[in-house]
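Got a structure for you, written out below as structure tokens; questions coming shortly.
Chain naming follows the written order as A, B, C and D, and within any one chain the residues start at number 1.
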Amino acid sequence: MTAASNTHSVGVLGASGSSGAELIRLLSKHPRFSVSFATSRQYAGHSLRRVDPAAVDIELCHPDDADTSCVEAVFTCLPHGSSAPAVKRSRSGGARVIDLSGDFRLRDPETHRTVYGSPRDEQLAAEAVYGLSEFAEARVREAGLVANPGCYPTCTALAVVPAVKRGLLRGPLIINALSGVSGAGRTPSAKTHFCAAVDDVRPYNVGSSHRHVPEIEQSLRAWSPAGAPELPVIFNPHLVPLERGMLVTITASLPSLTPAELHEVYTDAYRGHDFVDVLPMGEHARIRAVARTNRAVIAIAPGHPRTRHAVITCAIDNLLKGAAGQALQNANTMFGFPIQEGLA
Amino acid sequence: MTAASNTHSVGVLGASGSSGAELIRLLSKHPRFSVSFATSRQYAGHSLRRVDPAAVDIELCHPDDADTSCVEAVFTCLPHGSSAPAVKRSRSGGARVIDLSGDFRLRDPETHRTVYGSPRDEQLAAEAVYGLSEFAEARVREAGLVANPGCYPTCTALAVVPAVKRGLLRGPLIINALSGVSGAGRTPSAKTHFCAAVDDVRPYNVGSSHRHVPEIEQSLRAWSPAGAPELPVIFNPHLVPLERGMLVTITASLPSLTPAELHEVYTDAYRGHDFVDVLPMGEHARIRAVARTNRAVIAIAPGHPRTRHAVITCAIDNLLKGAAGQALQNANTMFGFPIQEGLA
Amino acid sequence: MTAASNTHSVGVLGASGSSGAELIRLLSKHPRFSVSFATSRQYAGHSLRRVDPAAVDIELCHPDDADTSCVEAVFTCLPHGSSAPAVKRSRSGGARVIDLSGDFRLRDPETHRTVYGSPRDEQLAAEAVYGLSEFAEARVREAGLVANPGCYPTCTALAVVPAVKRGLLRGPLIINALSGVSGAGRTPSAKTHFCAAVDDVRPYNVGSSHRHVPEIEQSLRAWSPAGAPELPVIFNPHLVPLERGMLVTITASLPSLTPAELHEVYTDAYRGHDFVDVLPMGEHARIRAVARTNRAVIAIAPGHPRTRHAVITCAIDNLLKGAAGQALQNANTMFGFPIQEGLA
Amino acid sequence: MTAASNTHSVGVLGASGSSGAELIRLLSKHPRFSVSFATSRQYAGHSLRRVDPAAVDIELCHPDDADTSCVEAVFTCLPHGSSAPAVKRSRSGGARVIDLSGDFRLRDPETHRTVYGSPRDEQLAAEAVYGLSEFAEARVREAGLVANPGCYPTCTALAVVPAVKRGLLRGPLIINALSGVSGAGRTPSAKTHFCAAVDDVRPYNVGSSHRHVPEIEQSLRAWSPAGAPELPVIFNPHLVPLERGMLVTITASLPSLTPAELHEVYTDAYRGHDFVDVLPMGEHARIRAVARTNRAVIAIAPGHPRTRHAVITCAIDNLLKGAAGQALQNANTMFGFPIQEGLA
């Protein structure tokens, strides 16, 4: 694969996982990026199609054979913990990095240690930009390192940030989240066996024990106006029997506005944001509306007539807007391309 | 089908719907009940197997050919609105009736009118017993008419009544509910088309607009101690891509107990109740644990360390514990049989 | 939607069905075609997204409001029988037509009558080109009317034509075919209800009673060398519980070659055909490899050591290569565009 | 678990696999058998429910702690190769054995070696009875060791033995077989991952390379009349995206009878066989009709008007009639119980 003169060469570390393979698919159709290498320890020397017959027919190389200093950008799709050193090496070589792991998402070192338990370069962490595309474009544009948000935190943030920015919600935020099985990764396990996952719905880590909770709370704090009360989060994730897609249903107190007024706030907030659709009142977000796209759909409904709650639903594709799609959207921003490039 | 001398003859009105067919399957294996008639307007003269190849091979008759005065019990599995007159006729003929429709569930005439909009005999309604099996055994035993609870209200009530009885929860109850597609009935529609329902999760009627909300609120009032504050309900139902089963994930404020203490309350409350399993702390209710059974599984988890919430998950099979199974359990109680008879 | 000067305006009749909606999706991204109208009797005045939340947000118009004389090409995605008159009107107005229905697929008037029973203009039928893209490019290029092949006939023809052209197979061809539920159309029915189709495999019209059999036999005759013996077809279709995709597994006598030699024949035959992949010996065609693409994958395996049979598997997406994708591929050919345009 | 005086104690070796867990479920409801031990190397000391929340809550013990000499029957649900020594030990201890593995299915030692490659006691093999329940009742009744047939061979044999016994079919038999994912076992693998198996159909080992082919051929020879021509088999298995159930669609030459006449032969052959339903002409076998039961349904259809073929479809539940159900049916026969006991 040779890069045409008007394209930018990029590399993908960890291309055989679900997010990596999606990213390769997107990049291979992108008019301005060309993939210089796609690595996989397990499948080095084989085509990515060996992993998934629907994937791009690209040869995977061993990470030791990937020269990150020869590309302009590196996407790291490695497991948490393995990513941090690869990010550091890539940055040292001069490439801009979009990290799809959790290694640089949490700003606070102590929280990072508690949640992930793995070492990282804290100086790099301090300069990392949390790449929630719709709300961080200016900072992403200049970033050397973008920490690409997690799938649940992306879906949740898109659902609440317009309200949070104005201090409209009161906690606790009750977030019920449903994820397709691809969210559990490609490694075979008893949990992801077809016969265990089909015909089932499986809650897991409900309450506040999922490691995405601190990332969600960090976002809520980051986008809250100064002096706004904290918004505690109760996050109840479930595995549902479908491959791709994710839905959050968030119930929160909305003391000062009607749901219809909140709907207007959202319509305004997302005007001009191509990847976010705010549905008309009366409709609900559905996974089918967004699967295999980089779109998010958001809907707002009344909660309870006497208690002034709102119910916000938001759906995204966990592997695209929740991972590889947002990563490419961020890369488009970093390199000055239209954000829809390769994603429409 | 002739009834042996030691069996009780029963009839099923509306046997070709999902609940009716399940009930026929259960009754056909029950050692003490024998089915005298199973009616269907649409399939009269045909075997129930024409509707579903997995169903019992029983001939359906036209409702006009079913003599409800010749049986000891009638199960009505008719649509809301059509059921009320059939219940009245059946009661007039002397049979005890288990009504699986919504026609006699709401005690308050005004609420009934608002929710269902269909006429009913209010005297019959006044004497109907709301048949939430685990908590109404004594009244069901003597009942002439049992209003069999709805699927969502059953699942929700089993999840909260032990706490509600002691006034332990504070509202609003945030109930996120997931139902398999069989909950939408057997009538073909755009919504239940395989290609619309598969690979999707679809919220509908979120907030407080689902017609099961008043039934849930009625249960909460009925089992609350005198003087307890009202518990507003925010009920967010979703369709998930599986055939059978239902899960509720309920988040509520638990001001005075720890979740572990609440777990003890539940373990005590359900001791001796064969159809309800309270899982150990750390586990969660899953649909696979209960599909095709009359069981409910319930789990309790901490919500948020600072806000003292609990998250309660409960799973049932919507067609069994949420419809036909509970109906038979109630019939067992009415006729003095062990409640497991035909349901184990 | 205004057509840029370098684009060709097209219309789609019957845009709310499964194939029509797919076609709209493809056309809306095609750089050289622009959609002037998309009709639907049932949904006129509404967005196509009302039918499917994943569809393009295009407004549907009533067929009476669609002027087929103002476009350069018309795609008819109407039901069999309804299509023929629309095709005639469109041709009369001067547009080139790609007909996705069965109305012009069968050349022989008598066979057409027997199979479809609906009238058509036999002169139009005589000039229609059967648009099996990979084998009819020259004729399609000049065609005024292309009869776009059926899904099963496309999948079968791609699987056997290279062998049939050389007279390598002996009948009967035993064709076992599996189709996702989208093949049954979007109209709700007992058969396509989620709860009937999930967890089931359902054979239907096995033997030679499916209406695609005469179309398959016509193809076999058309591509057989002069004097080759007839190839009787036993065609066993089944519905399988997935939305999209189709697989045929064909067993046939291969008297004069080994399967490995046949594999070489296929590799040669499809060299340079971008949409057809012949897999290495030892692999099999899978639906996942082709779903949501215009690709076909074909594999060849030995049948039985003593009897000299071959087993050929071929998979396509029934709505793309089996309908809308092939239609667009044909339109690309008709208008002189690269066949991959809008389909890669 | 103590055995009542009128029950027979049995043990299950390998209870945590799919077939073993099904067998435990059946045995736990059986009025005449009581389970003395259920072994699992991996889950010893845990409840079977740890493996599957829908399973019976029975404690698994280590195989070293299971005394096979204290039970009247042993069911071996171990992997091929591991089963043979366990069978030998169990027989030595005096128990009658039903072996669900492939270790004693193939009578010919040479074929066994070629197919399974694992050693076995050939004397035991010589006395093993191949337990195709419907056709081997007399021999099973007296057997010390029953080799329980494989799932595909059971489904195929039920579909053809009535015709084969009369020498009505001519080969090759083209057997297209579809199996739910539970047929691939419970061990997690890339192939059984939800995201690989859903939305796919996957042929594998087509032709004559599947290890069930020799077992099928052995059955064909065993039930063919003396002097009948051999029936070569082309066996094309596919994985389909559902958990349970299996369907074979068999196309074969039927030179001397019409399909309708063959249908009569089948109706006669299976009269009085409670677990086999021969459907009326015009219907087809479906997986939904048999899933979670010990039933088989069989249908016969015309193949091709000119070539005199028949198409036979047969569906069973692979884990029940194709494994644990047939094993229990055989045990019922061995102990003189009605064959429906515990299986109705």
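As a working rule, a contact is a pair of C-beta atoms (placed from the backbone, for glycine too) under 8 Å apart; a residue touches a chain by one contact, two chains touch by 3 or more.
This one's a predicted model, so the numbers in the text were calculated from it and none came from an experiment.
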Reference subunit D; chain at largest CA-centroid distance: A
Winner on C-beta contact pairs when A-C is weighed against B-C: B-C
Whole-Å gap between the CA centroids of subunit A and subunit B: 39
Interchain centroid distance [CA atoms averaged], subunit A/subunit C, Å: 37
Approximate Å spacing (C-alpha centroids) for the pair subunit B, subunit C: 47
Residue list for subunit D, restricted to those that touch at least two other chains: 52, 196, 198-199, 241-243, 286, 288, 291
Residue ranges of subunit D in contact with subunit C within the complex: 171-172, 174, 176, 178, 196, 198-204, 206-208, 232-234, 236, 238, 240-245, 247, 249, 251, 284-288, 291, 299, 301-307, 309, 311, 313, 315
Of subunit C, residues touching subunit A in the complex: 29, 52-54, 199, 286, 288-293, 297, 344
Complex contact set, residues of subunit B against subunit C: 18, 52, 181-182, 186, 188-190, 192-199, 241-243
